[in-house]
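What follows is a set of structures to go through.
Each of the next two complexes has subunit A plus one other chain: subunit B in the first, subunit C in the second.
This part shows the complex of A and B:
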């Protein structure tokens, strides 16, 4: 079971690199959404490894609330772009 | 036997993760990347959660909640990101920037 976490970390490096090097805000948002899902899944895996369900509750809360925050942020960015163009 | 199934679910999820995340590095459009990410990434994450669920079945309410929130939120977020990143503005009021020349200066 221990081999899962290093592979997950390696895959997590891809959206991290993309968020650092791309200037377009929507590509960055896409990478951020991917990072949010992947880190919360990693938290769930750690909670199963340690058999500690307080950590698991934190992972599920991040999974359900973090995406909502990204959605609100996307709307704010879209509105700011409209104001900037008009 | 259950261990084997759970490990194969987790391995399949990792393969899906890599498959869905790899196009992020390419020069394609946002919508192409969003499609691959929302399909392969969500399926991979759900497969990993199912693998964890088989591994420790006595904490199933939490993992079922994780599955449901993954399925619903990632779909909704995909739609919202696609809508927000497209340039088409629905029902926007007409702008008068073209009819007002610089010399008029109506608000000064």
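This part shows the complex of A and C:
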């Protein structure tokens, strides 16, 4: 089952590249959402591979917290654009 | 477990290598908001690396504090600091002011304008520049021409440079990732008061005794004057704004004046 992690790493590089080159801030936010989910899933996979419950619980918490951070940041940026246009 | 770790060594090293990669991406960002988003990515990757290396508590702290709290606080801080507040008179106040000025000057000028300059909508450029020449320019002769013309087109001509000024300002500030917030004030006294009390960074008012819209030639006086109270902001705007219809001046406000 050790081939799972290198493949997940390669998949993680796709949104990383996208975040690197895009000029639009919402594209960067999409890449951030993608990376936050992918990394926490990688933590979960590792916890299953190692049979380590502590890392598993941390992975679940990080999965939910990453989405919360994304929502907060998106809200601030959205209000910023509204003021800029108005 | 150590056996499994040695098997996963290659991919582990590759994942740890992502950390300096994303840190370099944060450093290379120019726009502060983009840098914040990349900082979130860095936090996610750092949490992954910490969890893989066995430090579950550090990973949890990184995700909670490093990613969520730091980003939110920094977003609020950047949003409220990278901002230029420009004080102007309210739209209802500026245009009637100008129309009133036109109306007041019109009766005096009517006799002159009928004699010397037949009022004509399509005046040639040479005539216009002759009128703008300092010697033979009775004050406000062009304003009388505005009155006689279509009032609606005159209003548009008054408003359009203002829109252009705003567009120019936004473009100049966008290069520095600053935002422009326009604050309106009812009259000129409160506007000056706001600048003195540091509520706004700059104020913009219609310049006194100016011509409007299409009558403007290249050497005409500016339509608006802006007073900036911050030296750095003045330098930036002075370098970026080349349009002739806005005159910038630096007006430092000292605390002693309060």
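By our rule, the second predicted complex is superposed on the first by the 86 of 86 C-alpha atoms of A that agree within 3 Å, B and C clash if a C-alpha of one lies under 4 Å from a C-alpha of the other, contacts with A are read in each partner's own complex, and residues count from 1 in each chain.
Rule of thumb we're sticking to: a contact is a pair of C-beta atoms (placed from the backbone, for glycine too) under 8 Å apart; a residue touches a chain by one contact, two chains touch by 3 or more.
This is a predicted model, so every value here is computed, not measured.
Novice: For A:80, select first, second, both or neither according to whether it touches subunit B, subunit C, the two together, or no partner.
Specialist: second
Novice: Once the shared chain is lined up, is A:54 touching subunit B (first), subunit C (second), both, or neither of them?
Specialist: After superposition on chain A, A:54 lies in contact with subunit C alone.
Novice: Should A:14 be classified as contacting the first partner (subunit B), the second (subunit C), both, or neither?
Specialist: First partner only.
Novice: Between subunit B (first) and subunit C (second), which does A:29 come into contact with in this model arrangement: first, second, both, or neither?
Specialist: In the superposed model, A:29 contacts both subunit B and subunit C.
Novice: Applying the touch criterion given at the start, work out whether A:6 contacts subunit B, subunit C, both or neither, answering first, second, both or neither.
Specialist: A:6: touches subunit C, not subunit B.
Novice: Which partner does A:45 reach: the first (subunit B), the second (subunit C), both, or neither?
Specialist: A:45 sits against subunit B, while subunit C stays out of touch.
Novice: Based on the A-chain superposition described above, do subunit B and subunit C contact any of the same residues on subunit A, and if so which?
Specialist: 29, 31, 57, 59, 68, 70, 77
Novice: Would you tell me which residues of subunit A are touching subunit B in their complex?
Specialist: 1, 4, 7-8, 11, 14-15, 17-18, 24, 26-27, 29-31, 33-34, 37-38, 41, 44-45, 48, 51, 53, 56-57, 59-60, 63-64, 67-68, 70-71, 74-75, 77-78, 82, 86
Novice: Under the definition above, what is the set of subunit C residues touching subunit A in their complex?
Specialist: 1, 4, 7-8, 10-11, 14-15, 18, 21-22, 25, 31, 33-34, 36-38, 40-41, 43-45, 47-48, 51-52, 54, 56-57, 59-60, 63-64, 67-68, 71-72, 75-76, 79, 179, 181
Novice: Quick one: which bits of subunit A touch subunit C in the complex? Just the residue numbers, please.
Specialist: 2, 5-6, 9, 12, 16, 19-20, 25, 28-29, 31-32, 35-36, 39-40, 42-43, 46-47, 49-50, 54-55, 57-59, 61-62, 65-66, 68-70, 72-73, 76-77, 80, 83-84
Novice: Please name which positions on subunit B make contact with subunit A in the complex.
Specialist: That would be residues 10, 14, 17-18, 21-22, 24-25, 30, 33-34, 37, 41-42, 45, 48-49, 52, 55-56, 59, 62-63, 65-66, 69-70, 73-74, 76-77, 80-81, 84-85, 89, 92, 95, 97 of subunit B.
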